[in-house]
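Note that the chains take the letters A, B, C, D and E in the order they are written out, and that residue 1 is the start of every chain.
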Amino acid sequence: MAEVRLQGSEAELENPTLVEGFPGVGLVGKIATDHLIEHLDMRYYASVHCEGLPRIGIYRGGDRTVRPPVRLYVSEAHDLLALRSDAPISAAAVAEVADCLTSWIVEQDATPIYLSGLPADLDDEDSRDLYGIATGNGEEHLETADIAMPPEDGVITGPTGALINSAAREDIDSVGLVVECDPQFPDPRAASVLLEEGIESIADLEVDVQDLVTSAEEIRAKREQLAQQMQAIAQEESSQAKPLRMYQ
Amino acid sequence: MAEVRLQGSEAELENPTLVEGFPGVGLVGKIATDHLIEHLDMRYYASVHCEGLPRIGIYRGGDRTVRPPVRLYVSEAHDLLALRSDAPISAAAVAEVADCLTSWIVEQDATPIYLSGLPADLDDEDSRDLYGIATGNGEEHLETADIAMPPEDGVITGPTGALINSAAREDIDSVGLVVECDPQFPDPRAASVLLEEGIESIADLEVDVQDLVTSAEEIRAKREQLAQQMQAIAQEESSQAKPLRMYQ
Amino acid sequence: MAEVRLQGSEAELENPTLVEGFPGVGLVGKIATDHLIEHLDMRYYASVHCEGLPRIGIYRGGDRTVRPPVRLYVSEAHDLLALRSDAPISAAAVAEVADCLTSWIVEQDATPIYLSGLPADLDDEDSRDLYGIATGNGEEHLETADIAMPPEDGVITGPTGALINSAAREDIDSVGLVVECDPQFPDPRAASVLLEEGIESIADLEVDVQDLVTSAEEIRAKREQLAQQMQAIAQEESSQAKPLRMYQ
Amino acid sequence: MAEVRLQGSEAELENPTLVEGFPGVGLVGKIATDHLIEHLDMRYYASVHCEGLPRIGIYRGGDRTVRPPVRLYVSEAHDLLALRSDAPISAAAVAEVADCLTSWIVEQDATPIYLSGLPADLDDEDSRDLYGIATGNGEEHLETADIAMPPEDGVITGPTGALINSAAREDIDSVGLVVECDPQFPDPRAASVLLEEGIESIADLEVDVQDLVTSAEEIRAKREQLAQQMQAIAQEESSQAKPLRMYQ
Amino acid sequence: MAEVRLQGSEAELENPTLVEGFPGVGLVGKIATDHLIEHLDMRYYASVHCEGLPRIGIYRGGDRTVRPPVRLYVSEAHDLLALRSDAPISAAAVAEVADCLTSWIVEQDATPIYLSGLPADLDDEDSRDLYGIATGNGEEHLETADIAMPPEDGVITGPTGALINSAAREDIDSVGLVVECDPQFPDPRAASVLLEEGIESIADLEVDVQDLVTSAEEIRAKREQLAQQMQAIAQEESSQAKPLRMYQ
């Protein structure tokens, strides 16, 4: 039953970039991708169905349409695909989701950008460092965009880790962006770094991130409330980058 | 083994409406559907068998006939199908039940009405707001019936959520009715709103709901006793609508 | 691997009755069936093998023969089959056992009598009420035997419930006998009601139940010791009838 | 993957006897079988591989060879096979192990002797009673060897129980020896009863058991240390015979 | 999906030796293998993919390339393969990993050296004893290298145990090196014994282990920090050798 199912007409794309936004630590990938979908007015393109994905219906205020929780959006103008997930992914579903999405990515001739937070001891105002990793020949994109090398060994877990694992196995060209972030709360500031310093250059886009920085203020104001929601995610299979200790 | 099995002669139906009544929060869908079956004197039409559904036998006082717990009823006069479940559905069965019922719905050329409660802070006397969501072209039914749009983002879980998820995947025309309800006790008042403000208009029916309002009084009188029963349901996979928080 | 395997020569039977004796509340079905097998000197006829049934060996004092725990016995003189189980059935095995036995019952052209206790608040000396339920045309047997209708809604669970569920799905003729019983201890008095007021008439048999009434005395004498054994059964999937509450 | 794999040349055997030594209560079967293998200088003959068997390597002091934990040994001179297990068997593996070994036993035309302890309240010096049970025509061997009938109903559990269950299902000739034993500690004295009063006669062998009786002394000396090891086995699926209570 | 997938050009090897480095007690195998890969400048050769292996991505500081956690490295100059695992292996994956790797080893005509720690009561300065075990004709390599026989019975568990189990089942030539080690902390000193007294001679290599001895000092300095990491591994399926007690 694992499949990506088109919802609407097929898009005309040429070697598109795919931005992946599964929820993980600091929600950095989800915030960045949701922001991209909204600001580029991307079209709902396909729904993702794999064993283990939550069988729930999602709707928006002021809109009657119900949709599955994991969806792909498209912008033909930007040769861009974006993966949005409105629910955390259970550990049991991670392997199949990764295999199923990777097959689809290969069919689309797409270059994926995988997004992950790296928990760090940061103040709200601190800058967030960004590192780039890659599979296949993805490194070229990182060099062009002048993104730093990782300073120490690391491991990417969760659905994002599984996707990168599949990309490494298949030796396809992909890019992984790892950004320092708050380990406990949503970190829109880190998401804006992903967009401004990474995605914009690699996917040749421009997107205003001012409201992400503003929302960082709001998040600071309601930290307690968010803490609970983040814990719920943490109990699922949450994507994150972690330093790899010598004897892990 | 997943199948819907006819129990009796095939009905003559033309684009029937199917009202779904799995137990969920406030039991709103089950109360409304059971009421419909009784008041329209609907005929037992088919039993539903899927991996994971409870293998139990149900019988009624004053009647010797034993039946499976999940059943479909029909009224040819009203071009109406109704799904009754006398047992909660386990999380493990939800996906298969949804797939199996959705295939059958497509075969019948039926338009499903999915019913869900939205837990709200309500007094017994408060009015319950009703919202309409849809997949495919289901929206037209909601416009005709003048049912409000959801005011905020939301997610539908449980067997009802899985059914809507399947409908969205298959892009079939379906309607979802979401009614505010008591989060802890059976809420016949909310069920009467589903019937009077939603189902009657969409399915072109009339049904007296006076005794539902009366039973609301009785329920208030034996809240403690019901609380236990509701908890048992809550431990299963209970359908409900919930607000979808920005960073859920 | 699910199968009923003959152990000995095939019996000549014509539309036999099958009495089912899985252990459930009050052990009423097991006590009645074991009694029948012993008093009619029924022959060991077949062993039942399904995924999830206990893989254990059972032997009797003064007899060297080891047998599987779930077995069928036959009396050609009485056109009678009886299902004996010397072990409780795990929830995981219930569905397959029900499907596998129901197929075999259909092949044998047998009319099954399913036996279930209904926990009631009873003194040892109180009479136990008996109710009859049915699938297919099983009702005729109940009318002939003058067995009462159930006075209120109910649900049958456990292996017996699964068997009745299968019979309802297949719409085969079957009878269910529900007898009030002690909720915690073996209740031979209730078993004797099943035999005298139900099975004897439906299967056209006579069997002395005096020693069952006597054993009720003994059981009263060693209640503590039995309580432990019954708890062990309760933790398995125990058959019983229960009232079905309006909002269960 | 379930298979018995020969390790070395095929043996010439004529209706051999197979002594089964899975660890169970009192370790009676394992101690007896290990003793037999050592004293008859039996040759390592085959390894047993089934889903769920421990994937570990076993080696002996003073010997470099590593072997799987469940193994068959052969003595062509005595027309004898012996099953040795150096690890307890998990409940999940019991069914497949029993099916796989029983198929092999049938192919070899072997008569199995299954060994089980029956926990009893015994002093170290007390004699241990031995009982014989059987499937198929195994009873003849017990009569010839003059082994007593079981005095009361009983049930055999664990891997040994599953093997006897399979033998009963297939109606093959097999013998089960049940010996009273210490419920908590290894009981070499009970193992010596199995050998002297049962196996020797049935398999037409002679073997000195004096050192088993001696080791009983040692075991008494280090009971605490052994208790831990026995508990570990008890948590696995441990073979034993138990009285079958009337209403178990 | 179980497979070893080449990542780069096929190597020219003639009966190569394969050194296995799954994490186990004292991390002796992992430390020795990682050291070998680094000091012989071995080339990343293949990734290992089996059901149950962690689906994560691993990267190194100063290098952008992401790789799967279980990988094979090659040195054509030394006719050498090395298995590196940057993550512990779950018990559920052990059997498939062993089968899949063993098939590949047979195809490569490779002689595997399996590495295991044997927890011992040691001071940091104590020498670590080394024992050699084998399957097939692996014993010859041990005799040539003058490696001692195991002084007492033992059992090898974890992924290494499963690999040796598979080798014993297939009766292929393999060697197992068992070294005494610290039961709780990484033990580079024990790893250096594996290299100097075992691997170097069997695989006809030379490698400087001085920095392993130095790192032992560092490890002693940060024992607390490491204890946590080691506990995480212990909860997974950790390879180790253990004495096999008489009645285990």
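Just so we're on the same page, contacts are C-beta pairs under 8 Å (C-beta built on N, C-alpha and C of every residue); 3 or more make two chains touch, one makes a residue touch a chain.
A quick note: this is a predicted structure, and the numbers were derived from the prediction, not measured.
Identification of common neighbours of chain D and chain E yields an empty set. Contact with chain C and chain D alike is made by no chain in this entry. Comparing the contact residues of chain B and chain C by number shows a mostly separate set, under half of all numbers used being common to the two copies. When the CA atoms of chain A are superposed on those of chain E, the rotation angle is 70 degrees to the nearest 5. Averaged Cα coordinates give chain B a centre that lies 58 Å from the centre of chain D.
Centre-to-centre separation of chain A and chain B, using mean CA positions: 36 Å. For chain B, residues touching at least two other chains: there are none. If you draw each protein chain as a dot and join the dots that touch, you get one closed loop, with every dot joined to exactly two others. By the touch criterion the chains form one closed ring, and its order from chain A via chain B is A, B, C, D, E. Contacts from chain D toward chain E in the complex involve residues 1, 5, 7, 23, 27, 30-31, 47, 49, 55-69, 86-87, 186, 226, 229-230, 232.
Here chain E touches chain D in the complex through residues 94-95, 98-99, 132-135, 138-139, 142, 149-157, 161-162, 164-169, 171, 176, 244-245, 247-248, going by the rule given at the top.
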